[in-house]
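Think of it as A, B, C and D in the order they're written, each chain with its own count starting at 1.
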Amino acid sequence: MHRICLIGAGRIGQVHAGNIAAHAQLELSWVVDHDPETARALAQRYGGQSGSLDEALADPKLSAVLIASPTDTHHELVLRSVERGLPVLCEKPLDLDFEQARESVRIAEASGTGLYLGFNRRFDPSFGRIHDEIRSGRHGALEVLSITSRDPAPPPVSYIERSGGLFRDMRIHDLDMAYWLSGETPAEVFASASCLVDPDIGGAGDVDTAVVVLRLPSGALCQITNSRRCVYGYDQRIEAFCSEGMLRAANERQTRVEMANDDGFCREPALPFFLERYAEAYRRELQALVDALDGKPCHLTTGQESLLSLAMADAANRSLGSGAFEKVTL
Amino acid sequence: MHRICLIGAGRIGQVHAGNIAAHAQLELSWVVDHDPETARALAQRYGGQSGSLDEALADPKLSAVLIASPTDTHHELVLRSVERGLPVLCEKPLDLDFEQARESVRIAEASGTGLYLGFNRRFDPSFGRIHDEIRSGRHGALEVLSITSRDPAPPPVSYIERSGGLFRDMRIHDLDMAYWLSGETPAEVFASASCLVDPDIGGAGDVDTAVVVLRLPSGALCQITNSRRCVYGYDQRIEAFCSEGMLRAANERQTRVEMANDDGFCREPALPFFLERYAEAYRRELQALVDALDGKPCHLTTGQESLLSLAMADAANRSLGSGAFEKVTL
Amino acid sequence: MHRICLIGAGRIGQVHAGNIAAHAQLELSWVVDHDPETARALAQRYGGQSGSLDEALADPKLSAVLIASPTDTHHELVLRSVERGLPVLCEKPLDLDFEQARESVRIAEASGTGLYLGFNRRFDPSFGRIHDEIRSGRHGALEVLSITSRDPAPPPVSYIERSGGLFRDMRIHDLDMAYWLSGETPAEVFASASCLVDPDIGGAGDVDTAVVVLRLPSGALCQITNSRRCVYGYDQRIEAFCSEGMLRAANERQTRVEMANDDGFCREPALPFFLERYAEAYRRELQALVDALDGKPCHLTTGQESLLSLAMADAANRSLGSGAFEKVTL
Amino acid sequence: MHRICLIGAGRIGQVHAGNIAAHAQLELSWVVDHDPETARALAQRYGGQSGSLDEALADPKLSAVLIASPTDTHHELVLRSVERGLPVLCEKPLDLDFEQARESVRIAEASGTGLYLGFNRRFDPSFGRIHDEIRSGRHGALEVLSITSRDPAPPPVSYIERSGGLFRDMRIHDLDMAYWLSGETPAEVFASASCLVDPDIGGAGDVDTAVVVLRLPSGALCQITNSRRCVYGYDQRIEAFCSEGMLRAANERQTRVEMANDDGFCREPALPFFLERYAEAYRRELQALVDALDGKPCHLTTGQESLLSLAMADAANRSLGSGAFEKVTL
């Protein structure tokens, strides 16, 4: 049994809390939140304790820390956990500041405790299946990877302003997918983007519609398309074109019902957003944490890999300015 | 080059005329119709002659007769053609009167000229594929055959009154499919039906919604469902459940376009009716006629096979009265 | 919080135990099993107690009993629970003996405690959606209901011998669906069946492949097809043909991945069996139990409704002998 | 009735000949080919004459010229036809030399006779439907257009060497689609490409796998992916992401059959290549020619529009060298 300290009792923290409680090898020991009442309520529901970070980290039985608090708290919380010798699973991004993120990774690596980032898509059953199929080699070499990733609706501009921009906030997931599925570190990144959804996003200096091209060392190409708005649900699809075959993952729906009338044959929209689409991925992510704690190989994104995603996002941002391929520099 | 005399220049006659003209080994030599003007116009369009039946049959170069005139003219036209020594492809049904149909078949068989009925579904690419797959043996033994066959809208009651009823008029196609796909002559037929679409159909002594069960000698079962109304197009599907696999043919649509919005993902309705759905089948049917004329095996329904379909339809009608399995008697 | 006594710690009991533990308003208080060790292990995992039926029923805080033990124990367990004044959710069937089942229902109804049967399909998200769509009236009147229900592989003959036969054991779910979806009590049942999968099933006096036709009071028709073997997974589909539209529920798969190569485009088989296919249904069934305990309307099958399914299964069995429609008599 | 002179009796010429013969308002009057025997055979089959270009152009009844001969003959044939005052439908590309193509267009425009290029995809029923849906405005503004276009197998290197390269030979269709569907002239083109399919293609100085990004004046983006090899058939898909909905066209298959076994559910590959996939498009293209000859609006690509596609292809080629957005210059 691994005992977890959960930091952050908000929306995503609650998802993790429920999954920890349901997992046969995990126990929700502590919940820490800047609002003590929220922490207490969540801890009580699943049989854990709540308290300050100091109190929690003082518990000698703790096995790991799961950080689901706001991005600007990640750095300190990672350092505190690493200092205490505990492995960390931290929601992405590690930090909006690349140097500070690199510092977190450096310290965690030096200490030898594991630092993992919560890139949920690696644990989506369909995307995971594509990963395994590519690795199996039975479809030949990957030649073109196409990733579609569209959010149902733009967040408030206040969020946009603190998000680090479309590429660091949203597309970073797709960049991690490109790396993880291909097994290659992209050499060059090209990006083109527009503000078509909401002029206020443009006003905040960001874009909401984008296309990215990655060039991989093998010559394989990756194209990604993003939007901050999608009227038919959370659009999350991947297509891997290989020399001997093609693999693609369609969207998830709540039911398998199709209705037919004189307008045609209709199925329901895609699942609304990430909590629904990646519900199973969040459960599998915790199994990966258990594997990591047990010393087994797992697909959690390492701190080092998370720096790569950030570097790709930054190269994409530079490409927006130059209109040309930009090298990915770590 | 085989020279065809087409009798009947109506809707279905026009389809055949165009397909004859487009076929490299067929020539539309004569068009005969009770309305000479209609015959003349159709003949002119495709380079043939028009005239009376006597004039046409007097042409020594004729290879075959294609009968697409009203059902009550079939018997005489078949006899005249057979007498002239010409193979006949006749639109179904051969005759609403079973004894008269049997007589046509007897005479044609005695004369040695071929008599074929135009059961178009045998030439539908999807249904033909299912036939070939079943025959290939690679899916094991056929165990349950499910046929769905729904017309978009009921015909006028005046048509219903002369049609021979739902089973002889419409379901007879499905009964031929059951026989042809399974390769077995059904031993028993059960039917249950209602009048749900139009009370005037019931007033005319017919039904418009039905379910039929056939029991085949091997123990395999067949279920058929029919309706005289279907708001999403002409619903024509078959599912063959075999011991080692399942084969199914979905409906045809005009395009492959799917549209997504907040109502969901929609594709267009099924093709509207038989002229559209079986356009390719009508073309392939003529190729089968060419094969027959060339002495090659083909999938045209023989006169004898058409009697079997009629006998099955009659057994289904008897079952409606008895509420029990009825034997198919030829 | 409702406190549940679970009787039966086998495969399906374990599913219920996990779902009870995960439900915010349910608590697994007691686990009873003929094997005390199995009961103890399951109770311990989810924080409940284990013991004899007497010990459990003596707990004054119990809210309800969930019976997941072998069929031949149901009658006594229902009576004991009812005597104790506790609502019961019992796995189907209530009893293989119709009179004894009727007696259970009579006593439960007399006592005023609720007696519900676990017909899981009512809680399948897709089938539930079809139910709600039919009820909404926006698709017009239901005219033909088609139910496909095929098990992946036949059970051991020893199971078949004690199962009550295909119709009472397996098809009873489909008969409940026909009643629940249509909202009508079938007036007549016709059945035809064969033994095509395993001759030993025939040797045990049972069939393994069947087609059933139900006639509903409104004139609507229902066709059901069953098999004890299906190589592409657990085949569970429903199609509801209505005057203004059609609703259909396709099979569930584990992922949304499609692979394409020179053989074509392939998706994975249907989920393997009921534990996977109805995993979500089992969760929703417990929510229905909570609703029932809270006095709210729910879709649990009542004892009285379960008698109807049994009566339909018996009429189907009689029809196998008579080859004719048989009336459903309660 | 419009009388057509067909130049070129090869593979694509034969397709046009059959479609001309089958069209009620077109007549195949002349067939001209560098091989007189081939011309004679094709003319005879459909009732036309064959002869030299001079003989054909001397026919005072000619309505139009359809050029389906090798690319390097187009310029002269267009000039001769225009000189004779006849509208021309010419297979793409007009010419591999941009200046010469511009000269053809200039002369045709000066003469006032129509010059059209055979971009078949505009007449594909599915792509045409997407075009009409975008234009209808009911899906809002086009934001991202994604075009997938993969050939089943690379042509011989000898063909590659004379083809003008991947972008001018193959992708030019996609560039025309991008322009036609969006209704916008792309401002900038970015391209990245590799040689992954056949090293001999690289040896010939060409690429076989590519990704292109177009930036449209409205800010909308277009991504195109191409490959010279695709094991699952001719992969031709389009997805138009709009502010209020999404439209996509899937591949075409020969039948609607799906097979299921323990490997899963499989449908057949996409149609093998352009003659099958665009068979209906070629028929509709001729209807567009009839419309053009009748003075009605049609969707044929004009000579001017074909220059735009060439200019986009050239910009893409320049981008391969620069690694940056290149402006489209006419």
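The criterion applied here is as follows: contacts are C-beta pairs under 8 Å (C-beta built on N, C-alpha and C of every residue); 3 or more make two chains touch, one makes a residue touch a chain.
Here the structure is a predicted model, which means the values were calculated and not measured.
Colleague: Touching both subunit B and subunit C: give me those chains, sorted by label.
Modeller: Expected: A, D.
Colleague: Where centres are the averaged C-alpha coordinates, which chain has the largest centre distance to subunit D?
Modeller: So the farthest one, by centre of C-alpha atoms, is C.
Colleague: How many angstrom between the C-alpha centroids of subunit C and subunit A?
Modeller: So the centroids are 39 Å from each other.
Colleague: Roughly how far is subunit A from subunit B, going centre to centre by Cα mean, in whole Å?
Modeller: Chain centres of subunit A and subunit B, defined by C-alpha means, are spaced 57 Å apart.
Colleague: Among the residues of subunit B, which are close enough to touch at least two other chains?
Modeller: 231-232, 244-246, 260-261
Colleague: Which of the residues in subunit D come into contact with subunit C in the complex?
Modeller: 231-232, 260-269
Colleague: Over in the complex, which subunit C residues touch subunit B? Could you list them?
Modeller: Going by the criterion above, the answer is residues 141, 143-144, 146, 148, 150, 188, 190, 192-197, 209-211, 213, 215, 219-221, 223, 225, 227, 229-232, 235, 241, 243-246, 322-325.
Colleague: Considering the complex alone, what residue numbers of subunit C touch subunit A?
Modeller: 18, 21-22, 24, 45, 125-126, 129-130, 133, 139, 244-252, 254-261
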